[in-house]
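Each of the next two complexes has chain A plus one more chain, namely chain B in the first and chain C in the second.
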Partner chain A sequence: MARLLKFNIFRYNPQDPESTPHMESFVLEETDSMTLFIVLNRIREEQDPSLQFDFCCRAGICGSCGMVINGRPGLACHTKTKDLPDEITLLPLPVYQLVGDLSVDTGSWFRELYDTVESWIHTSKAFDPTAQEERMEDSMAEAIYELDRCIECGCCVAACGTARMRPDFLGAAGINKVGRFLIDPRDERTERDYFEIIGNDMGIFGCMGLLACEDVCPKHMPLQNQLGFLRRKMGITALKSFFKK
Partner chain B sequence: MQTIYTDVLVVGAGLAGERAAIEAAEAGFSAICLSLVPSRRSHSSAAMGGMQAAMGNCAKGEGDCPDVHFADTVKGSDWGCDQEVARMFADRAPIEMRQLAYWGVPWGRVVPGKGTYYKGGKLYDKEEKEENRGLINSRDFGGTAKWRTCYVSDGTGHSVLYTIDNVCAKLGVEVHDKTESISLIHDGVTCFGAVARCLRTGELRVYLAKATVIATGGFGRIYPGTTNAVICDGGGHITALNTGVVPMGNMEAVQFHPTGIVPTEILVTEGCRGDGGTLLDVNEERFMHVYEPEKQELASRDVVARWMTHHIRQGKGVKSPYGDHLWLDIRHLGEKHITGKLREVYEICTSFLGVDPIHQLIPVRPTHHYSMGGVRTNKDGKAYGLSGLFSVGEASCWDMHGFNRLGGNSLAETVVAGGIVGKKIAEFLQGAEVTFNSSVIDAEVKKQQERIQNVISCKAGTENVFKVRTAMQDALFKGANIFRTKEGLEECVATLQDTLARARKVGLKSNGKGVNPELSAALKIEGQVKMALMLSVGALNRTESRGSHNREDYPARNDRDWLTRTLAYWKNENDDMPTLAYEAATEIFHIPPGDRGYGKSEIIKADTKAEEKG
Partner chain C sequence: MSVPLTANHKSLQSHRFDGLLDWAQMLSGAGLILFMWAHMLLVGSVVLSPGIMNAIAEFFENTGMAQVGGPLIFLLFLAHFALAARKIPFRLEAQGTIWEHAKLLHHTDTWLWVIQAVTAMIILIMGSIHMWAVLSDLPISAAKAAKVLQEHSGWFLFYLALTPLVHVHLGIGLYRIAIKWGFAGRAERAALKRVVTLIVLVSVGISVLALIRFWFMAV
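Up next is the complex of A and B:
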């Protein structure tokens, strides 16, 4: 006999004056290879069609479905019920603005981040459509991709003590983004330029180094290395500019 | 109600939409992209394999050029494509890849020296030239004469979309995410923008624009199982077909991908076979080399999917609680390759199947994957029927894919077409003077408000939207799948007509307040069933087999009667059937219809004596 699973789900529709934040329980019988994607859609289709949550790729690729699953931020589509106990609590990600139930607004948060860290290649060169591409070592391309793999799910930010206290903290995802451009030879920004962005409490010096971020990252981004690398690099930049003064 | 003005309104912030918006922004126009999800979560991000462009940098791509790419594309399309469009595409693709490199895409690069590769389970040698060190590399994909697919590990779509979205941020292209376009504002001649529903609050907003672009991607979710993301539901197409004047092209041309995993239908990339993976049957024996001695596992997708289905029908499938399937074997590629270049595949297999592909076989079967059909446009991306309306990317039928698109050609299309059409939009805007007619706008808003009120108050009935949706999906799955017959399609059309009647009676169970997901589904269901009908009626009428459209009762490709593109209109809202028209598949022939060199089938030549068309 399959397990009966009990899901305690956070409910609140800010657009409905009659709605108040509360927890609601739903019971489902477990099936083979069941994921939280299957669970939530079944609840919506069979029990409560107003239940809000976000999925897109349902394959752990797009980063839409971050939520707090039994106390831990993770991707719902990627979570199999067989790895969970009989009772499962689902909460929306903290830090981000709530849209309703399990749905939050990660889009606005990240768009602001792109502007803050200017997450694009800064170059004085113009594109020449008649020229061959500039060469790059494959190992360099792979190193950039390694940092470009972040799917902006927001789990690291939701798990981060600093981010929860400081709304302007860039989070591991934001700091990692700076690292991605810093190693890219096409970007002409100097270390001083990067220092302007992350050499402060909003960036690398706000990080307490407890690494909850790396722990929860579903893409296993090398956040610990990244944060350590940038902290040293920015520390040196700070020293250099101190002596210059 | 909030009204927002912009020069260009791009509905869709995937690769195609954002690439087009960049062209407009660079020409000095304001551009806003709408998206259901944050732009980077658009389905383009899920494309792992890569993009085709004739770079010719790697050893197995030597001698490649746009001519060869063009020829592969036309053959792949089974001569259903517009050859002028395919030509523009193939010529432009290498430049676009370099443009992307300039913007920051970390393309895989050529590493000089000796190496090995697998083909059909066998190991071969190759040597990359020193002089090509560091140029953009390519991998092998199905249906191509050369290794031509540019890639970023197995996160090509992800990396390219992030790069393009970065450029949008830099240029000030606005993205209004969690915003759903639900109808176009038009007077039957000109399109003035769209009415959208905010998916943060549920409120309606009006967007007024001189040019409106539908770049909403595929519509795989009208099928029950698909590799498409859950947001690929045809919402953008519906706004176009509801105008009554904009036709959908070749809706019956639907691609099934050989390797969707069983269960869950998540795609594992063609790169698996491109890199040397093989398909095995219940006896763990290869079979593709028997059916396709030349291309084997790497024949075009329609051909491989067909043979796989055929092989399963011969009783060679592997039985499972989720139906019969076959195996994909990549074990011989080794741990380094699988956890490196195929890392995403490794992760999907381990996390969704509990299968370790380094040591175990992957259960796969052909699964709905791609829509060649869509909003019909001319070669500039202008939609038929309405001035000021454009379409680009998978949502459109531009039509470089005809009846089968090649792996790697779609992601490439998004950026290449995005660039070409974006330029045309900028040209169009140069001269555009538009007067927005307030009575047209008000009438459209009122119509949408009433529609919403009616489903909330169950004015027409209380049909359950999810049940109606399932009925539609099942009908298509049964009748408009890989193999099609007259009987099957007739039954499908009949069921869908019944489903359409039910769709018109949908009413909500919940209160519909705010961002109510039941309401979102309900607002789309009638349009989705109309699309399903366009697809199945188009398939029923097309009494031939071409590319991915296989009629068991008409196995020959019929160039005499069917070298055409279907145009499906929904002329009046209350019609129960689409109205079909036809146009020539291509005005210009660079390559006359011939044999594809794989997927052998009978051909009725254009110059054979005509019979009465039935």
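Up next is the complex of A and C:
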């Protein structure tokens, strides 16, 4: 006989003045290859149509379904119930604005992040739409792609002790974003320019090295290596700027 | 849920000293780790023979290193506290947040940070008491230490508590420096944890052996 799974789900609708934050339990029979994405859809279809949660791709690509699963931020679509105990607690990701129940607004947070880190190629070259794209070595393209795989699900920030204590912290996603442009030869920004963005306690020097970001990232981004590399790089820039004055 | 904002503030400006303070935090911590290991070997030498410990202590006193170096280490200790305290939450609200966060996350490295912060506070008080007690009553000798520990079991218990706290704090600090500054990457993390655990166990072992030696030493 299949397991009966009990789901304790956070419920709260900030738009409804009558609503108060509380936990609500649902029971479902486990099926083969069941993911939390399937669970949430079944609960919504069969038990409570008012349940709010985000999803889009079902395949760990869009980053919409990030939530706290038994204490750990993760993607609902990536999480199989067979890897979880009989009782499962689902909470919305902290840090981000709550839309309702398990749905949070990561979009606004990341939008502000793009503005802060100026998340685009800075170049003085005029764009010629008829020209061939500038060539780069395969190894360079791969290195950039490796850092560009982030799906911005927000799990790293939700798992970060620093981000929980200071809302102006850029988090691993933001710092990694800077690292991605730093190695891109098309971006003409200097180390000093990047230092202006992350060479402070809101950026890399605010990171306390708890590495929850590294451990929860559903895409297994190389966050530990990236944070170490950028701390050394920005640390050296800090010394250079100090002694050059 | 926590704050809905904002990775950026309009007033976000380069805080030029943040980087230098981070260097200072790391270097002061690394300096204290090296000092504590040297200290452990000095005190631990009593296990081999009180004569060796006395000879080392005498060398430090005759060269003035204990009289000058001791207070300098105390200053470094205070400086390290002030630097690292920039990251420790002192307001109850933030303490509650990080505590709830750690409890929810079930994540070893997050708990290690909580332990690092809590041991820091205890070491600040107990370490200050220890340094005051020793430096205000030079010279250091094995017989004197043994007499104090045997006659006042409170001091024995004090050091029995302080020793593991210091070495655990040191071990987590060493691990954290290697991780934060990228000296150990993803591939080395597990091995680093094992090595640091071994260092902590050996250090606590040597220190406890030294305490036992003092306890049973003929005064």
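Note that in this section the second predicted complex is superposed on the first by the 243 of 245 C-alpha atoms of A that agree within 3 Å, B and C clash if a C-alpha of one lies under 4 Å from a C-alpha of the other, contacts with A are read in each partner's own complex, and residues count from 1 in each chain.
Here is the rule we go by: a residue touches a chain if its C-beta (ideal position, glycine included) is under 8 Å from a C-beta of that chain, and two chains touch if they have at least 3 such contacts.
It should be emphasised that the depicted structure is a prediction, and the values quoted were computed from it without experimental measurement.
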Could you classify chain B and chain C on chain A, in the superposed arrangement, as clash or fit? fit
In the superposed arrangement, which partner chain does A:S119 touch: chain B (first), chain C (second), both, or neither? first
Under the stated touch criterion, which partner chain does A:C217 make contact with: chain B (first), chain C (second), both, or neither? neither
Return first, second, both or neither, reflecting whether A:I144 touches chain B, chain C, both chains, or no partner chain. first
For A:V178, select first, second, both or neither according to whether it touches chain B, chain C, the two together, or no partner. neither
Touched partner set for A:S33, first chain B, second chain C, both or neither: first
Return first, second, both or neither, reflecting whether A:I61 touches chain B, chain C, both chains, or no partner chain. first
Between chain B and chain C, whom does A:Q132 touch in the aligned arrangement: first, second, both, or neither? first
Could you tell me if A:L5 is touching chain B, chain C, both of them or neither one (first, second, both, neither)? neither
After superposing the two complexes on chain A, what is the shortest C-alpha distance between chain B and chain C, in Å? 13
Determine where on chain A the residues touched by chain B overlap those touched by chain C, and list them. 105, 108, 110, 115
Along chain C, where are the residues that touch chain A in the complex? 1-9, 12-16, 18-23, 86-87, 89, 94, 97-98, 101-107, 109-110, 112-113, 176, 179-186, 189
Counting only contacts in the complex, chain B reaches chain A at residues 37-43, 45-46, 95, 97-99, 101-104, 106-111, 133-137, 152-153, 155, 158-159, 162, 165-167, 169-170, 175, 177-178, 199-202, 229-231, 263-264, 266-267, 321, 344, 347-348, 351-354, 465-466, 508-511, 513-518
If we count contacts the way the header does, which residues on chain A are in touch with chain B in the complex? 13-16, 32-33, 35, 44-45, 48-52, 54-64, 78, 80, 99-100, 103, 105-108, 110-111, 114-115, 118-121, 123, 125, 127, 129, 131-138, 140-142, 144-145, 148-149, 151-152, 184, 186-187
Within the complex, chain C is touched by chain A residues 68, 71-72, 92, 94-98, 104-105, 108-110, 112-113, 115-116, 159, 161-162, 164-165, 167-171, 174, 195-196, 199-202, 205-212, 214-215, 222, 224-225, 227-229, 231-232, 234-235, 237-239, 241-242
